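Take a look at the structures listed below.
Both of the next two complexes hold subunit A, though its partner changes from subunit B to subunit C.
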Partner chain A sequence: MAERHTGPSDRGSVVPEFEVTGLSRSFERRGGRGREPVHAVDDVTLTVVPGQRLGIVGGSGSGKSTLVRMLLALLPPTGGRIVFRGLDITGLPERDLGTLRRHVQMVFQDPRSSLDPRMRVGRIIGEPLRSPILKAQGGLPPDSPEQTAALLAKVGLEPGIAARYPHELSGGQRQRVAIARALAPAPSVLVADEAVSSLDVSVRAQVLNLLLERVRDDGLTLLFVSHDIAVVRHLCDSVLVMQGGRAVEAGPIDAVCGNPQHPYTRVLLDAVPTIHVPVQ
Partner chain B sequence: MKRSASLIIGAALVGVVVLACLVSLVWLPFDPNHVVPSARLASPGWPHLMGTDGLGLDIFSRVLAGSRICLLAGIIAVAIGAIIGVPLGVAGAATGGVWGQVIMRAADLVYAFPALLLAILLAAARGGGSVATAMVAIGIASVPAFIRIARGASLQVLSQDYVLAARAAGTTRARIAWSHVLPNIAPVVLVQSSVSFGLAILAEAALSYLGLSAPATTPAWGRMLYDAQPYLFSDPNLATWPGLAIAVAVLGFNLLGDGLRDVLDPTLREVR
Partner chain C sequence: MSDVPEAVPLLAVDGLSVTFGRAGASPAVRDIAFTLSSGERWGLIGESGSGKSATALAIMGLLPEGVHVHGSVRWRGGELVGLGDAAYSRLRGDAMTMVFQEPMTALDPTMTVGRQVAEVLRLHYVRRAADAQRYGVGPERIRGHARERVLGVLAEVGLPDVERIADSFPHQLSGGQRQLVLIGMALMNSPLLVICDEPTTALDVTVQATVLRLLDAGLSAVGAACLFISHDLAVVSQVCSQVMVMYQGRIVERGSLAQVLGAPAHPYTRGLVATAAIDAVPPGERLPVIGDFWAGEDGGRDG
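Showing the complex of A and B:
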């Protein structure tokens, strides 16, 4: 696959956050003898530079979640290489992933399953701060009530919420808690995997704006996974379009949306509802 | 919290047994080991509420005092089963692979040995049965059930996104097991404890009936059934009371387990 240019060109000289080459992940089909394995992610190459806000778009089953899980070393790839800040993290044991864990944090799709139902919010948010792997990296704020309150304030929640359990919160509040946990170790890269798709439409915009605000104010690099190209257009400066595990198109968001080269990108763009007001 | 008939009935029956045990510790109408030949085989009435046995021992006092051995057997057996079984089950789920398989096959091996056989083996090895050997045997026999239930529940917890989130937050495996898996499988373990408690009581009664547990001087329900055997047809009264006590205790803990299961998680299914 040809090298894909996914970021604005003036960032060429900096060390990229992620350099991914030929990344693949296939799953064996259960019980099917002689059947082909499923290629969830197939030969994806991409570069993420500091400060970039990359949207990863695709329909369900396009491999976008699998891709980011591999970037976070939560799922081992079956092929290819992931380099984080010049360090090849492919297949590294958990104890050697300190740099990655310290600087890359993730917000999951559904806060109902990404927050431990038997843990109070305060402890959930402080989890990264108690990690020995992250502590070894240094520069970590302490896991204190003040820190918890500050993190809750960052995501627009009252400090009193720290004593509550996740089931006592609304969907929007829960996702804010998940964002607070991700922001706790002051990461430089934030990965959001369909972070708003489980939310009510009414709170979706609030949480999206919160994400955008945090990313802008803290100067974060954002990897935003979504099936909705309109949301990506709102948040991101570049986009990677995935279909069937392959990266079919990539580039600056305006270029891709303004002049889509791949038919699938056009399908995604056409799926965005628009309001046509007939001219009287 | 959902109302559950079996929870209420189970808790009430267990409450009766626990109450009997507490009362027996401070007060008994008669010395349960005081032989009164002149009062032997008395019918229920006054002063012997449940009558007397072939040695003239007061049955009511012996039934009350027998609740101690019954509860002790349950507590020790469940403690052994849970303390050994739960960590092994969690470890089996967390490590997976070869070690998970080794743990499960070892559990199957122990599963194949009934508590009775284990108790007989232990008693033979120790040169005689005692309450301790019986309880240890019952405890070991209940380990596999705890391993299985803890493993199944842990696998389910480990597939949740909050475990992935914990890994992304740099939490170590051991800490994930301690702070995420254990609290989330606790309800399942509690249910299994109650069910195992009932089974342990039944097993202890069987062992003391066979003379492999409490000595004759220690009041135990199974032992009372054994002592009642010669009088089974002439004086069924002797066997009725301890039999009833065993039934109440076992039923109580089983219903309590079912009720807890209903309340804590309606999707749980019985493993044993």
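Showing the complex of A and C:
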């Protein structure tokens, strides 16, 4: 697993999915104490190679979500550069982001709010396949009932689910639908932002198994954002630890968890709740 | 506590059922029974929809109109089911308090934190005015010390810079700070029972660790009993020494934490224990799921 990590030595001739240099995002503070801007993301540099499973871990306010929003061109950076598959996408207008939209898909934390409540599951899953932006890129599978059934099967759901509405499903089923939708255009990169954080522990295990299976079988690159380093350790081969907008530690997951260099990484490891059995 | 005989438990739930919607609908809580004695800390664990929150709300008398509650909930021997709102509100926030999952909705967004804490102190005080007079302490005296007491409540749950926090509105605080404010409010009247419903589920792990540590210390300081509701066995084990497992509205297993975790009797509990220990599985390997242990009463589950 560790050999997949993006060290300068093993990049070789492979074109990285993402090459990010000195990426920053600051927000002007309105009112409140002081006028100085808030540096949500501060000078982050990282490379993501195909097949890598990178965990981005940190507490709330660490800047991890702001970072992935910039990678997905949902938020313009205030400094630095983002190169996607050799193309500089920093500040590109939406109409020129077709390649990124085609190949990078996202799963959000709360499927209750990320799935349109008025659409049946079948339509939700097929939506990316009807997008003119994605269609213009070519190579999309057709939006057909067979395709929908195949996608549902990929995430372990019965074909009959296609006729249901999101509110008729359990939390775990909804998150499976969100994953099916993300997989629909056959992306190469899957970005999951706290995708298992709102799930019960028992359902979390099922969704993590599904993510691992899909990432392996479909040869996906994974960017997995979480506040829980235990989940990242299970899922990812490499990790970027963020605190206060900065990347304070990065490296292969085994090395970082086994021998943390930054005190904050140690805090994150110590905070993982483990079953504590009192002495009787 | 001294005026109640030892044999009467703090809380005795017997044959409790809760049904939402029309009569005849399938109940969320099905005929459960348990007792909780002074100072005991019970975890109530189960997944979403298992009926654990409905149980807590039924005990607190917070279920909306039209929800059918059957059975008995006795508080130090007195029946709570069917109790009027006035009598209930004398109990709530005083001897029996609750900490909710989402502190943003539990706090009033238009009031500073200090005012909200003072409000609860004042309500509590007015109710006990007679007691206070007996001890020769007038209302002025307590009112004069309100600010000091508010700051004391906030400091006791480990909040830093309490002056600033007292003058802040809820949205100006972090999620963890808001939850600590609520825990401070739940503990400040020295309750006999604190019911916590997923109090750290909305927090990230580092904040969760801090909140659990401070909750544990606060409960010990006050000597309160606790009913701690969670879907996460690892979290429950930080605070409780005993645990009940709820599944589809029923309590399927109960006992000491050591007993339930060490030798779970019900296959569903075995599944819960296995799924909670993510660190016991080598990275990248398939995690155990409940279905490996228990197919469910309806022949299978989906998640």
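As a convention for this text, the second predicted complex is superposed on the first by the 258 of 280 C-alpha atoms of A that agree within 3 Å, B and C clash if a C-alpha of one lies under 4 Å from a C-alpha of the other, contacts with A are read in each partner's own complex, and residues count from 1 in each chain.
The criterion applied here is as follows: a residue touches a chain if its C-beta (ideal position, glycine included) is under 8 Å from a C-beta of that chain, and two chains touch if they have at least 3 such contacts.
Quantities reported herein were computed from a predicted structural model and do not represent experimental measurements.
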Next item on the list: Have a look at subunit B and subunit C on subunit A after the superposition and call it: clash or fit.
Entry: fit
Notebook entry, point to check: Between the C-alpha centres of subunit B and subunit C, what angle is found at the C-alpha centre of subunit A, to the nearest 10 degrees?
Noted result: 70
Next item on the list: Check whether subunit B or subunit C contacts more residues of subunit A in the superposed model.
Entry: C
Next item on the list: Go through the superposed model and pick first if A:Met119 touches only subunit B, second if only subunit C, both, or neither.
Entry: first
Check: Counting only touches as set out at the top, which of subunit B and subunit C does A:Asp88 meet: first, second, both, neither?
Finding: neither
Margin query: So in the superposed three-chain picture, is A:Glu28 touching just subunit B, just subunit C, both, or none of them (first/second/both/neither)?
Written below: neither
Next item on the list: Pick one for A:Val203: touches subunit B only (first), subunit C only (second), both, or neither.
Entry: second
Check: After superposition on the shared chain, which partner residues are touched by A:Asp218: those of subunit B (first), subunit C (second), both, or neither?
Finding: neither
Note to self: Once chain A of both complexes is superposed, is A:Arg101 in touch with subunit B (first), subunit C (second), both, or neither?
What the structure shows: first
Next item on the list: For A:Ser60, decide between first (touching subunit B), second (touching subunit C), both and neither.
Entry: second
Check: Once the shared chain is lined up, is A:Leu74 touching subunit B (first), subunit C (second), both, or neither of them?
Finding: first
Notebook entry, point to check: How far apart, in Å, are the nearest Cα atoms of subunit B and subunit C after the overlay?
Noted result: 11
Item checked: Intersection of subunit A interface sets (partners subunit B, subunit C) -> none
Next item on the list: Name, in rising order, each residue of subunit A that touches subunit C in their complex.
Entry: 1, 59-61, 157, 170-173, 200-209, 212, 227-231, 233-235, 253-254, 267-268, 270-280
Next item on the list: Please name which positions on subunit A make contact with subunit B in the complex.
Entry: 69, 72, 74, 94, 97-98, 101-102, 104-106, 108-110, 113-119, 127-128, 130-134, 178, 181, 184-185
Checklist line | subunit B - residues contacting subunit A, complex | finding: 160-162, 164-173, 179-180, 183-184, 186
Check: Which bits of subunit C are touching subunit A when the two form their complex?
Finding: 47-49, 174-175, 203-209, 212, 231-235, 237-238, 241, 256-259, 261-262, 271-273, 275-279, 281, 283-284, 286-290, 302-303
